[in-house]
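Take a look at these structures.
What follows is chain A paired twice: with chain B in the first complex and chain C in the second.
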Partner chain A sequence: MFESILIDTAKKLLRDKTVDLIIGYGSTHYPFRTEPIVINKEDQADALIWNPFCGNNLARYLKYYKNTQHKIALMVKGCDSRAVQVLLKEDQINRDRLYLIGLSCPGLVNREKLQKQFPQASPEDFQWKETGWFFHGEQIDPELLLEETCLRCRYPNPLEYDQLIGEPRTTSPYQTYQKDYLDPIDDLSPEERWDRWSKEMTKCIRCYACRNSCPLCYCQECFAESTQPQWVSPAPTPSDNFLFHLVRTMHMAGRCVECGACERACPVSIPIAQLPLKVETIIREQFQFEAGTDQESAAPLLTYRENDPGDFVK
Partner chain B sequence: MKSGKVTKNDLVQWLKTHQNNFLVTEKVAHHQPELLCDQSKEIKNIKEALFLPWDKLFNYHWENQQWNVDNIQPSTSPRFLMALPCEARAIYEVLDRVFLQPSETESGYAARRQGLKMVIVGCINPEPTCFCHLVGGNPYWTHPDALFILPFHDEYYLETNQPEQFDIIEQGTTLNKSEKEEIEVLRKQMEEKTNQEKLPEDAPQGLYDLFEDQEWEDLSWKCLNCGACTFLCPTCQCFDMSAEGRLKGFQLKTWDSCMFPKFTLHASGHNPRPTFKERVRQRVLHKFSYFPLREEGRYGCVGCGKCIEICPVNWNIREAVERMVKKIGNRS
Partner chain C sequence: MTELSWEPKIVAFLCHWCSYAGADLAGVSRMQYPPNIRVIRVPCSGAINPLYIFKALREGADGVLVSGCHPGDCHYISGNYYARRKFYILKELMVWAGIEADRIHFSWVSASEGQKFSEVVTEVVNAVKQLGPSRKLVKEFSTNV
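Our next item is the complex of A and B:
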């Protein structure tokens, strides 16, 4: 039902020339997978889909159009809309060139969890409805399938949009499940944390999928690829990998919108979103600031106040 | 060719005697976990065994008004490597042809390759992303130098031309006539499938002629230009060199990716592949056009599907090639 509203909306936008192109999600040949698509003709709109596998943060594609005149419609979930607001604040795109198709989002399904929970199941076995998720008509507890980053989501509704597809949600997964992805790590001692991350860093192959899938990593030249000066060696050693991820985390501080796109992009399954998520948690608690929740307030790292907290510096 | 069958227990025992020396690819570990031993080392990608993600080639330092260079000897210990047919083809059909050319042999690769014994595990669970039959492979592909093993009626079928390297074959019992026929039929079915579905003979030249086609622009749009596909590809062989340290340091060789903006960026500032379109086209054409045109029709892709499986945006090389190959047909 919501897909048909989405398609009708898209057709109208293109027919009335409200926008020149629409960036959205399309289906693939593979089960439980979607892909980003761009369309500019009315008859292509039928390809648009919306389901719990639409994991890419499409705000990432806005940088292609920074120096064009295109009017762009973009499908945005809650987290994606926050990314758009950060981009607006950082003057990366004009609001009047954007038409935001807001998606009220129940959370994304993690494919690995799904395959573990329902081995051998095919897409036909499931119904992803607004009223709930069903396996052969039987309701599934979303907690069993949700992405870890979505289980702690506080913004299931887009914060900025021109049209909303679906009813606004009254509770967030965070309120419902009271879970935080970071709890198990917070319980570890500094030594245990060091061991854990050292192990994760040996897995990193430095493909930069995390960086490139991030809507807010838009530097023309990333420090990691700079050769003059060279900050990080191109060799994917654990220490250089650490350096890359920690510097990236610091560059994201006060900007990360907690969408988890980086983690979903990682081809070697490093829980890499935990690093920026931890920093955002500190910023939320200490500075009462959340990136992308409005278009005015200045990011903590871009401002100085005499009473800025410093308790987290150890 | 020597063949036979052994019980699962005998095979596992034999693997165990070599377990400190065993590399197993992630795909085998996933498909056939019963073949893993405590000590076997799992690798993400078969090329890691021979073509290291990063490697020090030599140390250097400036002393007494001159450069002093100390070569570093590559490791040469004999090893077993267990892989699926697609992954093994990446070594036999692609990497060997790149790094073992008589005129420009890569010494580190050659040293590691020399001691390597391949165990090819017949593929019984092809995944939706697999497409080995399009590029000349099949789930039972093997090489005479390797040991081929295939789960067969609760036992394992073995086959090799090198019985002295794989002594397990001596423990094998001979297959009876009907069992032999069964193996032959399986093989034949697979070969027929390959012959039917293989990309057309003229694909490499046809794709080459489509170099300037507008379609590449559309195809490349969603690509994030990260290096996940190329770094996890068993055949991608591009590398970069850098000198780490000014007066004292080492020559570093690292994997490189044609998806990166700085790949082949010239010192002048000119970039022959300035946008996504050129980079994506390079990845496709290198594997499906330039390589086969140079290597007697052998594709530089083995159809393992890893790049499709891990791509953050589901960029699908098979779909892209099939779409472009269709264009060749439309033209003529």
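Our next item is the complex of A and C:
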């Protein structure tokens, strides 16, 4: 029912020439998966879908249209809209060229969790209604299914949109579940954290899917690909992998919108979003800033206060 | 190489206007401090990219020292204030990632503080000696040498 509203909206936008193209989600032949699609004709609009597997952050594609004149409609969840806000703040796109189709988001479903809970199930066994998920008519506890990054979501509604699909949500998953993805890791000792991360970094194949799926990693040349000087060896050794991820995390400081697109893109299941999420937590607590929710004040690393924490300096 | 003969290599990023001059003063005043630091002069502590620090550790440095002008005394007015925020986040992140906190040190040393410079270096070298040779982040080929 949301999809029919979405498709009608899309058709109208293209018919009236309000926009030149729509970046949205389409279905694939893989179960529980979706793909990003770009459509520019009214009859293609029927391909658009919206369900809790629409994991890509489509704001990522705006960089291809930075120097064009296209008017673009974009499907945005809460986190995606924050990414758009950061891109607007950083002058990467003009708001006049954007039409934001807001999606009131119940949280994305993690495929691995789903397969663990219901190993034999196929997509037809599930129904997604306004009130939640149902398995053969029986309601499922969303906490068992949601992505970890979504369980700590504070912004289920888009912060800015031209049209909202679905009713605005009154509570966020964070309010409901009071969970933070990082709590179990914060409780570990530094040595345990090192063991954990060095194992994860040994898995990394440096495909750069995390960076490439990120809406805010829009540099034309990444430090990781620079050859003069060569900061990171192209060979995916654990230390170079970790160097890449730590520096990328520093580049995301005060900018990460906590969408978890990097983690969903990872082909070797590294919980890679945890690094930028940790930095965002530090910034929220110490510098009272949240990326994509505040268009007025300067980004935290572009400003300072005289009473910033300084005890760590001799 | 045995543990006894091991001496840490520490990369020191010093700002041109204060800490580098402070190191110079320590030198011309004949103050003694351990010879474990390798100084890299940078225009301002605000010009130090976190990448430099990670890169130093990756290339085999056992520790990193970053030093600049005292808050309020930056030659470029506010470079060290920006640096302080950046390094605060960097340090928290490194510790959270499991890298020993004493691998990276930050200090404010003015051009007149030769004495403080030699004290800071002594302190940093002792702290890094306590930790032993750096293994984390170091590029694999050099770990077994």
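The criterion applied here is as follows: the second predicted complex is superposed on the first by the 308 of 314 C-alpha atoms of A that agree within 3 Å, B and C clash if a C-alpha of one lies under 4 Å from a C-alpha of the other, contacts with A are read in each partner's own complex, and residues count from 1 in each chain.
Definition applied: contacts are C-beta pairs under 8 Å (C-beta built on N, C-alpha and C of every residue); 3 or more make two chains touch, one makes a residue touch a chain.
Quick caveat, the model's predicted, so the values are computed rather than measured.
Upon superposition of the two complexes on chain A, no clash is found between chain B and chain C, which fit side by side. Using the contact criterion defined above for the overlaid structures, shared-chain residue A:G137 touches neither chain B nor chain C, since it reaches no partner.
When both complexes are overlaid on chain A, the residue A:K314 reaches chain C alone and has no touch with chain B. By the touch criterion defined above, A:F287 lies against chain C but remains apart from chain B after alignment on the C-alpha atoms of chain A. When the two structures are aligned on the shared chain, A:P119 is found in touch with neither chain B nor chain C.
Of the two partner chains, chain B is the only one that A:R211 touches; chain C does not reach it.
Vectors from the Cα centre of chain A to those of chain B and chain C enclose 90° in the overlay, to the nearest 10.
Looking at the shared chain after the overlay, A:P36 reaches chain B, while chain C stays out of its contact range. When the two complexes are overlaid on their common chain A, residue A:E306 makes contact with chain C while staying clear of chain B.
Between chain B and chain C, more residues of chain A are touched by C. In the superposition on chain A, A:S233 makes contact with both chain B and chain C.
By the document's definition of touching, of the two partners only chain C reaches A:D195; chain B does not. Distance between chain B and chain C in the overlay is 9 Å (nearest C-alpha pair, rounded to whole angstrom).
Looking at chain A, you'll find residues 233, 237 touch chain B in one structure and chain C in the other.
Interface residues of chain A facing chain C in the complex, by the touch rule stated above, are 185-186, 190-198, 223, 231, 233, 237-240, 242-243, 246-247, 249-250, 253, 275, 278-279, 282-283, 286-287, 300-302, 304, 306, 308-310, 312-314.
Against chain B, in their complex, chain A makes its touches with residues 28-31, 33-38, 56, 60-61, 205-209, 211-213, 225, 227, 233-237, 261, 264-265, 267-268.
Here chain B touches chain A in the complex through residues 44, 53-54, 128-129, 221-222, 224-228, 230-232, 240, 242, 244, 252, 254-255, 257, 260-262, 308, 310, 312-316, 319, going by the rule given at the top. Looking at the complex, you find that chain C touches chain A at residues 50-51, 54-55, 58, 71-72, 78, 81-82, 84-101, 105-108, 120, 123, 136-140.
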